[in-house]
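Here's the structure we're looking at; comments come further down.
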């Protein structure tokens, strides 16, 4: 069995993995850049190694360095988390060459599933339903017109190597076909060094629903039901929930089977996610497969009680999955809200900096996967997601009520966050009714960023509190000036006790 | 429906109730004594009212004052939490007279179940299996000898009005019968103003297992399975878990039925707990019924996903229980550890005072029901329990591993706590095997308070850290002396920003 | 004691009427408010105001006597204008004046591109600096036609929030 | 710089060898230790020591230069004895001396019973004061036969930790 795992990541996901390591009696090794010495993932690990400058290209993404640390620390295995090297086929291969277990799929699987065209081909061959479209690259303008007309407008032009919305162009009218293809190609070339693009039927206001799958090296593949991820802003997920309010038991059974077929088609070992687009008539289409742990994996853990990281580690070590498909069911309802350090009122501008106060909600049905603490300085170099607030309750209605309660008592100051924005999502009619698609945020944006109705009363409170704080500070300053002997002033001895000295 | 609830309690249970109030859209009203203005339950409530001096007899226990506040604030209902007025028949009656809903049973039920002799009689009549013994008061020495001999040694002499281990005497030999009865009587008189005592067969090293029940005013009664509460120190529970490692499905079904019978016998409305003693041969005996929410209710909520406080409020408002018996099942395993401000190494001496740092564990399967925060001064007047750490996982083994992980990252300083002691319980063989009874702590006490094996290494760390801290403080002081102009010193401006001024 | 307190464009006159232990009585634009205010931590105040309980957090803002106030989920930026501030403003040392000529970022980040040089004449809406933080880039523009007096940062610099990037005439 | 540091009965000689930024090198009774030590909050230090990561919290103890140190789940009480302390001790102002004559409680609480008066002669093991905290009563006794010099508290008083309750000869 694995005895020591290097976690080639930072922030909340590194900590998430460490929790399970500790529970399994496995030692954890953290790596950290110059910007991360004080990061919680370093403090919670058993061991920690410095790996270079703040820029991830010079630290978290340097395969040689990570491998070096794994050897120096005697780690048996590497968990890549999500992002960074998690879907890097070269890294997966390199680990194998070095005799280190990579907790994730083989390079073949990563390569096939990482390229959208090859993934489409594989899925069609396996009998998985994909979005109507083509699997060939568009080589020239004539191709473009012909292919798009075959598929039928509207269509999406997509970069084969793409992701995160880059290298994508929606074309609704014939006259925009050529310009759309060219734009997608040039963005793809700039973004991924590869201008291969292909055409897919555009699904109007789709729902983004994904299935969690688990495979082991004994040929077992199971799914752990769906996650509804349609609340997105610029292709960034904001809220996820399970079960999906759109789902029926029949559809769940069929899509679950399709997800398992998809994973089996590539002999998938580990935890993976099969993403689908679903339209309002419940037509579903394979979109892509993510060959790693997903940010939103906790909601699945909440309703199934399966520790996905534990399963990842165990199957990577060659063990069988602990569960059979028929053992699994969903109990209750779980929602995840991603807390970002950003200011929704200033066009979602990122807000790194010193966290002056961080107080997380407590009580029934609350789970926090986060990494910031009071007095922590959030670096400018990495992702703005600072924590995931996961609530679980008997049913969807109570889960929403619980989320509102939790957001109400989630206090973060010093940096701006989207907590109020998240609360508005919970309060919106479309979300409450469960009738929403990926168009949700755009459709509701005015409501979501509008002022609170009790603003006026709180306005007064803000004035009172500022005044009192000013009086206190003033009193402090006054007292200081009045005192001849420095060492006797009261606030100062307090300051002495509490002062933070960089050592 | 109820719109506003006064919570006649403090600390973690007041907060627990408020969470559900907020989720249900019900306003919460806190009450606070002189010692509790800064308590978290005041800060989290919608409204808060001052009710008197620190001593609970002059504040939290004064019925007139509580009723006054309920009226002034317009509360429809009062939730008593546990302790204080929660099992006070007079208070239940008084609420009804004043037209306020008491979230708990009627005075009749409280009275019958609060008196151990009348409860025994009621249970025997209802067909519930009780500990062999008598239901009459022991009036004189002859009675004592005769009755004890009837029941058979060893026996327990118990005060009818007793609780918390007071007014109880174990008698193993005939020669100790009379002195035992006399001692129990005099303690009962001193403690409860009532010297009625009775005799019960003494069950050797019993398991303390209780069943959660819920009743509504429509005649429905269900049970929500068992809680194993055998880890006790001086009749104070320390660890609780569900399912009980002792339980079999058959026994669970029978005892569940008995618990429902017990509740039905008194037309029970609300949440209650039926306590049983169980011996190693799985013989079970009704012990008593607690007519209130139990400290350890969260573990039941965790494995059933039922919000017990929500059910309490709904049935108090005349609604039916949301669940049928057949809807309910236990998923996973949940353990609660009670974190006390006490020093296990100094004979469990209580440790109130200023909490300098409080950092609760996070991540999967962790629930904290607590009330302290960094910079909070725990008052000397109330219970030493400062929080409940509840973990939930797939099975018992993983729940224990999770509890150890959670305890490892639970940081409380300023006051002493039993966190390490709790961890030792998790590490003990008897607990890990699930083979433990109420004798567990006494049996394992040496192991539980013994030094850690890594003490020596940590010893060195403590020396290093003290030295560095000393250097920092020294540097600070030095810097200050060296600086002529007070306002320019670096640590001082820091002190100014961070200084706490009592306003 | 009386001061002005600004939230957004609104200025309120605030007067301390009485302060007894934790009880404070003050007037805001003539309206009287009384509250029991407890200092929980150096920056968190627990208000009991008509028996309503609410926590308010006050943190220091970008400048002296600027505060960032959090009540429930809302954030307010306030400025206390006391006698000293008024005196400073009267002497032309007010804060309003400088602000317009300094281009700065409200957030910390890294300068990825400086588009101007000292002495350049720029047009309203021209981008002068691009700052990146957390994988997102923000453009900083001039609001009116301006001349660049000073460029205070270089490409690659890490900057603090509110640090001057470019000074214009 | 060299000081003595006491944990329980054990005294270690600690010498600072080098300090460069966050890296510290010191010797404890001649054994060399090197660590990267980060001050996370005023009282929490993150140690990286042979690449092992561990958080250590240091809080002020009952007296100046007394500390309460938390590592993982363990608590250590330490005392730094520097040149100044040694000088004080040499002059008879040492802390050891006073302690034996002062009976105090390690925890705050409420005095429920004072069993002695000034001038009383008490026997080893006699209870002098009963203090209640969190519904539990603790008895404070004299360890040897003593004469009561002063009773510093009254029944009903709330006391702080380490506050003198009774002074004996």
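General remarks:
When the chains are written out, they are named A, B, C and D in that same order, and each has its own residue count from 1.
Heads up, the rule we're going with is that a residue touches a chain if its C-beta (ideal position, glycine included) is under 8 Å from a C-beta of that chain, and two chains touch if they have at least 3 such contacts.
In this text, all values refer to a predicted model and were calculated from it rather than measured experimentally.
Note on connectivity: the fewest chain-to-chain touch steps from chain C to chain D number 2. Interface comparison, B-C versus B-D: the pair with the greater number of contacting C-beta pairs is B-D.
Chain A and chain B have Cα centroids lying 38 Å from one another. Chain centres here are Cα means. That of chain B falls 47 Å from that of chain C.
Distance between chain A and chain C, defined via averaged C-alpha coordinates, is recorded as 32 Å.
Residue positions of chain B with contacts to 2 or more other chains are 44, 374, 408, 468, 471-472, 498-501, 503.
Residues of chain C found to touch two or more other chains are 37, 39, 41, 45, 55.
By the definition of touch given earlier, these chain pairs are in contact: A-B, A-C, A-D, B-C, B-D.
Against chain A, the residues of chain B that register as touching in their complex are 15-16, 19-20, 22-25, 44, 298, 301, 305-307, 310, 322, 331-332, 359-360, 362-370, 373-374, 392-394, 398, 401-402, 404-405, 408-409, 468, 471-473, 475-477, 480, 486-487, 491-492, 494-496, 498-501, 503. Interface residues of chain B facing chain C in the complex, by the touch rule stated above, are 30, 37-38, 42-49, 73, 374-375, 497-503.
Taken in their complex, chain B has these residues touching chain D: 341-342, 346, 349-353, 356-357, 380-384, 407-408, 411, 413-414, 416, 419-420, 423, 452, 455, 458-472. Within the complex formed with chain A, the chain C residues making contact are 1, 3, 5, 7, 10, 12, 14, 16, 19, 24, 26, 28, 33, 35, 37, 39, 41, 43-45, 47, 49, 54-59, 65, 67-76, 78, 80, 82, 106-110, 132-136, 138, 158, 161.
Looking at the complex, you find that chain D touches chain A at residues 22, 24, 36-42, 45-46, 48, 51-53, 55, 60.
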